[in-house]
Amino acid sequence: MNTIDEILDYAIDQEQQAADFYTSLAGRAEKAGMKEVLLEFAEEEKRHKERLLAVKTGEHELTPEQEVLDLKISDYLVEVDESDDISYQDALIIAMKRERAAYELYSDMAEKVPESQLKEVLAGLAKEEAKHKLFFESEYDDRVLVDN
Amino acid sequence: MNLKDLLSPFYVWQRAFEKPYTSMRPIEERPGSPSYRGFHINVADTCVGCGCCHTICQNDAIDMVPVEKYSGNKGDSGLRPRFDYGRCCWCALCVDMCTAGSLRLSNEYIWTSREPADFMFVAGVEEKHWQDNELGYRREKSYHLYPPRRIEMEMLSPDESIEGFDEVVKGYDVEQAKKEADRCIECGMCVATCPAHMDVPDYIKSIRDGDYDEGLRLMYRTNPFPATCGRICTRRCESVCPVGLQGDSIAIRWLKRHIVDQVDAKDYARILNDNIEENGKQVAVIGAGPGGLSAAYYLRKKGYEVSVYEAQDKAGGMLRYGVPGYRLPDSGLDKDINYIVSLGVEIRNNTRIGTDISFESLLNDYDAVFLSTGLSVPSSMRINGEDHPRVLSGLQVLADAASGRDPGIGNKVAVIGGGNVAMDASRVSRRLGADVTILYRRRISDMPADIEEIHEAQEEACTIVTQAIPVEIMDAPDEKQVIIKWGEAEMVQDPKGGRPRPVLQEDRMHEDTYDCIISAIGQGSNLDYLSKEVQEQLAIEWGRFTPGEYQHTSLEKVFVGGDVANRTADAISAIEDGHHAARGIDRFLRPEMYTELDQEIS
Amino acid sequence: MTQLTGHSASLDFSQPEPVDMSSGKYVKLWQGPQHPGITGNMSLELTLDGDEIIECKTHVGYLHRAFEKLMEGRNYIQNFTVVCRIAVPEPAFNEYLYAEGLEQLSGIEAPERAQWIRTLNLEMMRLASFMMWIGGQSGAFGLYTVPNWTIAYRDYVLDLFEEMTGGRIYHMYMVPGGVRFDLPKDFDKRVKEVMDGAEKLLDQVERVMYNNVVFKARSKGLGIITPEMVDPYGIVGPNARASGIKRDLRKDEPYLVYDQLDFDIISGTGADAYERAYLRLQETRQCISLIRQCMDRMPRSGPLQAEMPNVLHWKIPPGETYVKAECTRGEYGYFMVTDGTEYIRRVFVRGPSYTHAIAVMEKLAVGTNIADIAGLMVSLHTYPPEIER
Amino acid sequence: MLKITGADDIPEQEDVLANDGLSEEDRKLFSNARPKKYEPYPIKAIEDFANWARANSLWILGFGTGCCSIELRPLMTSRFDISRFGVAGRPTPRQSSVFVIGGYVSVKTLKRIIRSYEQMQGPKFVVALGSCPANGGMYFDSYNTINRLDLYIPVDMYINGCMPRPEALLHGIMELQNDIKAGSCDGANRYVENFDWYKANQKKIIKNWNMPDYNW
Amino acid sequence: MGNLTSALLERLERDFDITDITERHERLTTFKVTRDHAETLIRELRDREKYTHLNFITCIDYIEDGVFSLVYMLQNYVTHTMLGVHVDIDRDKAEMTSIHTLWAQAWTYQRELREMYGINFPGSPRLHEDFMLEGWDDMPPMRRDFDTAAYSTEHFGHVDRESEEPRQYMKVQFYPNRGGDEE
């Protein structure tokens, strides 16, 4: 993975895999209502993919300098298994953790890469993933951590 | 006739040398005085559209009209006053009455037109040139047309209250209640805000009139749990009460309780006079909480034979096992439940659907089934070490206390959460002799718990640590203790709007040792008693039902309500769900009674 | 006791025989309701023999707005804005009496400072009303200079009212339980200015109007009210005092803080239009003195309203009362009946003009000249709106 | 201005008025001709001059019908001195061109108002003061006061307030002058054009109609 | 109650069977007397007790009891006290003796009462002329059962305006699916 296109292709592939993952999980989900939720997650990943495709064709630009809020919710949560009777809380935890892993991957890569343009793309991707993470973390904050 | 008299009129000439009375440019020169009662100014953003100005206006000069910009806010009716200057007499009673303090008068007074219908405008919405006038009549601060301050409620002092489970609030006596009831301005915003649409102004009026029988009848029209709601209702009505804008809102909850306190339980049958005409149909209700029993009551009134299935050994659900006795003593709850039972509602305690009897058999045996099983599963924090034996759930602690069991909390307790369950668990722990620290992710103002509950918890010496996020639970050296690791949080504005979000500060971590940790961060539903097929047929979203109109689900004969079907998680919503489901079930089972009515409506 | 009159049985109250119009000797002339003076909308049906009036009938009702009926349908606080409109030139007396009546019936007492402010308000009202009356009286006798002075000067008093109450004519200031808000800053200074000017003006008016040979000639001997007439006809106020009857409710049955003010009952013996006019001039001066006393002796601070229940459902226990006050024309009274509900059962407003303008006018007009009828009407100081309500 | 509805429903009448409130004898005393519409001068300059003259000599009929008329006295005396705008008070309708309706109008007064208004010479204008003539005001539910004056006589200018202060009256009268100068004050013509409609409204509420239909 | 008044009231109680004596405030006492005794009583108060001034005559409509309660307020200028004489008359057959021979202005009050309440005072001058109203053909307007607002709406036509009640409007806004008031 040395060119920008290769990296973008990889990232797009990752998003597609995530979408596939949620779709297959949805196929197995037992709890009522979870199927829709997981399919919605898959849709979300597909939207991410669309964005990256747009980046690749140049219609959309990554913005590495943009500051993204890190709620740090996923950092201290336990790992959960992707079981068939997955709950909404757990599904969100899985999603957050996946986005976090992706974020760390790109930001680590960005650190290692010397070339400036490539570095920028990686950093941009990292930010993109951070945004996705924020999306799920906000969702978790709003729906799970309601404290009633 | 003397000469002096003849000459004296000529004295007028002396005036020719004095300063004339005439003002040269009267219109420009003479503004109204600083307190002049001129044209109306309404700060439409502050106004809540309570309609008091409309009520007080003896000339019928003020109409309340919908203004699109303000519709649908909490505590705002979406209406704004429209003034008809073909009626107004500028007495400014509307200004004196204005609960929000948004209305005043300018000192402008010139308005001419060829068209009488012109003299009509929605102040503050339609632009008028006197809108920014600073002068003009305003209500003097000390002058009120209604008493703005609430009648103090007598309560046990914090020292007394933590001694035991005696009820903290003593309740109004007749004199106090009359005075408090007198403050009501009868705008009806509470009625619209109350999920059950209780006829608040009307039963408050019955207190003023001393007619408690009528008050009880009015309450039972929409709510068969007045004794309960009179103590623990979440009081959305009071939060929108416009009297609270420049004073204290009416103590609607305490007044409701006052009515119930004044009526003896044995008089209920005489007063409410629920004549039941059996209609031969049967309905099963699952869950004897407020939702289930409310449905049972209204169904029974319509003549259905109702059986309520309850897994616990007593009816009441969360009201009995989740609300501690110092807030809602069993006597109050039993007063409500006993009346429902006395109408012939059958409650089968200790009967768990799924184990003792199957859901499918209920579907076969009954004409309709109402599900209101509530939220009974404590949410999990999903942090490391959460399965530590010294981590207890708030619900369990409350249930143990309610049943007289010792929850075994020790002497130093941390409660995690900021809802009513957390407050209840804390105060129960105080009563069991423990020192209590409450850890909450956000600020006190963000707490979903009732503000009075929070204050009372503080008064009872519960320490509240805000912006504290638990990250890990660890074994303590002493196995009867536990260590919690938590980090401080900063509140950060959400870039997409919404409430500020707490962000963990990793450099500011703390570790504290407690005898136990009570987790009270929320509850989820347990729908395991429904088979997978049934679950798939019911519309369920994020663990909750999403019922259609009249609480109907997509499964014929099945209606749902209560916490398991709404997002508000309070008793009054559950009660309304039950009532509404009863309407729905009746429409479903006896459609012939409604065809005419529907035609009328359409 | 000498000023007291017994009830004279010798007076004949019977209505005169209707004039036989068929002879063609007499002319019927309607005066009003469209009126040239300040007599208000009331019409006189005059039967003339040449220019002498031989019969007079009053017709009222042009201003009837059914206040007493309207008040039965409005609650207590709403009525407080209604009552002031009963008599346009003197709304303050209506406000005071209504508030006082309600306070009596409901057992509320207005705080002391509010009582002082009310007294001040009433005296200012009296001053404004007399100012206008003086203009009217001189206008009715053809002197058009004086109205240009007094009615214009009355406007300065109205300016004071505007500052004090927020309204020029209808003040709506005396709420049941007190007054609505405090006096403005430096109010006493402006009151002093206006009072000084008023005093000076009254001196000028006295020279130009009261010493005027025309005024004297036309008003002396016009409309004589004998002391025997006073009680049978229910004549009150300056009209009675000008006949030597020393009666003034402010002194006889003191209300508000009148017992703490220094003044005497002014009376005269002339009993004719000139005497009445002169008496009113003196009372105007008395007003100024009372206003000054009020400003000096009023407590500087203190509460302005008594504690009140929620006015939206204010119920007053059953009862009835009759409250009265000395207005510019005499006894002004409110008879109020409550029945324990949120609405008043019955209000009866007893305006002094009720007798002055009908029974008295019909009697005094007979024998006078058509040219003097307006002057006579004004000299009785009648306000049709308070007859009709 | 009131949108006159239902005026078309009234059938076209003859040129002669019925005068049906009068006794046979009295009928002889009053004209039975219908009122005529005012036609402006064919030459615009002359009409403009006439309007200018009319606007600057407004004579008010001294008939204070309600409480608002109390503010006419300060207006006419030296403080506000309306004479400087060419306005004066006149005692009889025949000499007046402006009818100031001072506030509320009771049914009994309305009858006199109609008589007075019809007796006024053209060009004539009506100014209504306060809330009451516009929509009933304070006395909207009284059995003896009307709610909308323009159902009974046409109104050219409303001045708002309860009561309107002399300054507002002054402003209103100056507005009226502007309207007259512009030639847009056509109340009297409206009365003539919709005569039957106005008459029908008047007769609906005046119980003993013992006067001629048109008081010219 | 001054001694003077209480002695007087005792005497009146004996001679005229007055009932319901109530001291309203220190200067005003009211009592009730039957219709037959009323004129004599009032005449006696005027001529012998110096209640020489008639403040007013008015009427209270007690529709629920079927009576008109006439009130004669008399004033004594010596003691500065007032007596309110109440006389209940039958609402259906509203008739009362006229006192126009006692006070010159009394007939004016009686004319008003005739017009506003429909009470007849036989012999009172000009009783049947219009007083305040002109050509009135409805129920006497001051009677409690006359609805002035309805009369006004019918005859003088209000301009149509619409107003919403916050109570109902908010319900529809916030809970559009729950009309829910059908029981």
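Chains: A, B, C, D and E, in written order; residue numbering restarts at 1 for each.
Keep in mind that, in the parts below, a contact is a pair of C-beta atoms (placed from the backbone, for glycine too) under 8 Å apart; a residue touches a chain by one contact, two chains touch by 3 or more.
Since the model is a prediction, treat every value here as computed from it, not as a measurement.
Asks: Chains shared as neighbours by chain A and chain E?
Replies: Chains that touch both chain A and chain E, as defined above, are B.
Asks: When you check each chain against chain C and chain E, which touch both of them?
Replies: Common contact partners of chain C and chain E, which must touch each of the two, are B, D.
Asks: With centres defined from CA atoms, tell me which chain sits nearest the overall protein centre.
Replies: Per-chain C-alpha centroids ranked by distance to the global centroid put B first.
Asks: Any idea how many Å lie between the Cα centroids of chain B and chain D?
Replies: 57
Asks: Distance from the CA centroid of chain C to that of chain D, rounded to the nearest Å?
Replies: The separation of the two C-alpha centroids amounts to 31 Å.
Asks: Just how far, in Å, is the C-alpha centre of chain E from the one of chain D?
Replies: 38
Asks: Could you say which residues in chain C touch two or more other chains, in rising order?
Replies: Residue numbers touching two or more other chains: 61, 64, 66, 69-70, 73, 82, 85, 149, 152, 155, 170.
Asks: Give me the residues of chain B that touch two or more other chains.
Replies: Answer for chain B, listing residues that touch two or more other chains: 21-22, 32, 84, 86, 89-90.
Asks: Among the residues of chain D, which ones contact at least 2 other chains?
Replies: Where chain D meets two or more other chains at a single residue, that happens at 78-79, 108, 135-136, 138, 140-145, 148, 162, 165.
Asks: Name the touching chain pairs, would you?
Replies: A-B, B-C, B-D, B-E, C-D, C-E, D-E
Asks: Per the contact definition, I'd like the list of chain D residues that touch chain E in the complex.
Replies: Chain D reaches chain E through residues 107-108, 111, 135-136, 140-148, 151, 204-208.
Asks: Quick one: in the complex, what on chain E touches chain C?
Replies: Spelled out, the residues of chain E in touch with chain C are 24-25, 27-28, 30, 46-47, 50, 52-56, 58, 60-61, 71, 73, 77-78, 80, 82, 84, 100-101, 103-105, 107-109, 125-126, 130-134, 141-142, 144, 146, 148-149.
Asks: Chain A touches which residues of chain B in the complex?
Replies: Touch list, chain B to chain A: 379-380, 382-384, 386, 417-422, 440-441, 447-448, 469, 471-472, 492, 494-496, 498, 501-504, 506, 520-524, 527, 532, 535-536, 538-544, 569.
Asks: Quick check: in the complex, which residue numbers of chain B touch chain D?
Replies: Per the stated touch rule, the residues are 20-23, 26-27, 30, 32, 59-61, 84-90, 109-116, 118-119.
Asks: Under the touch definition given earlier, write down the residues of chain C that touch chain D in their complex.
Replies: 33-36, 38, 41, 61-66, 69-70, 73, 82, 85, 88-89, 132, 135, 147-149, 151-152, 154-155, 158, 168-170, 385
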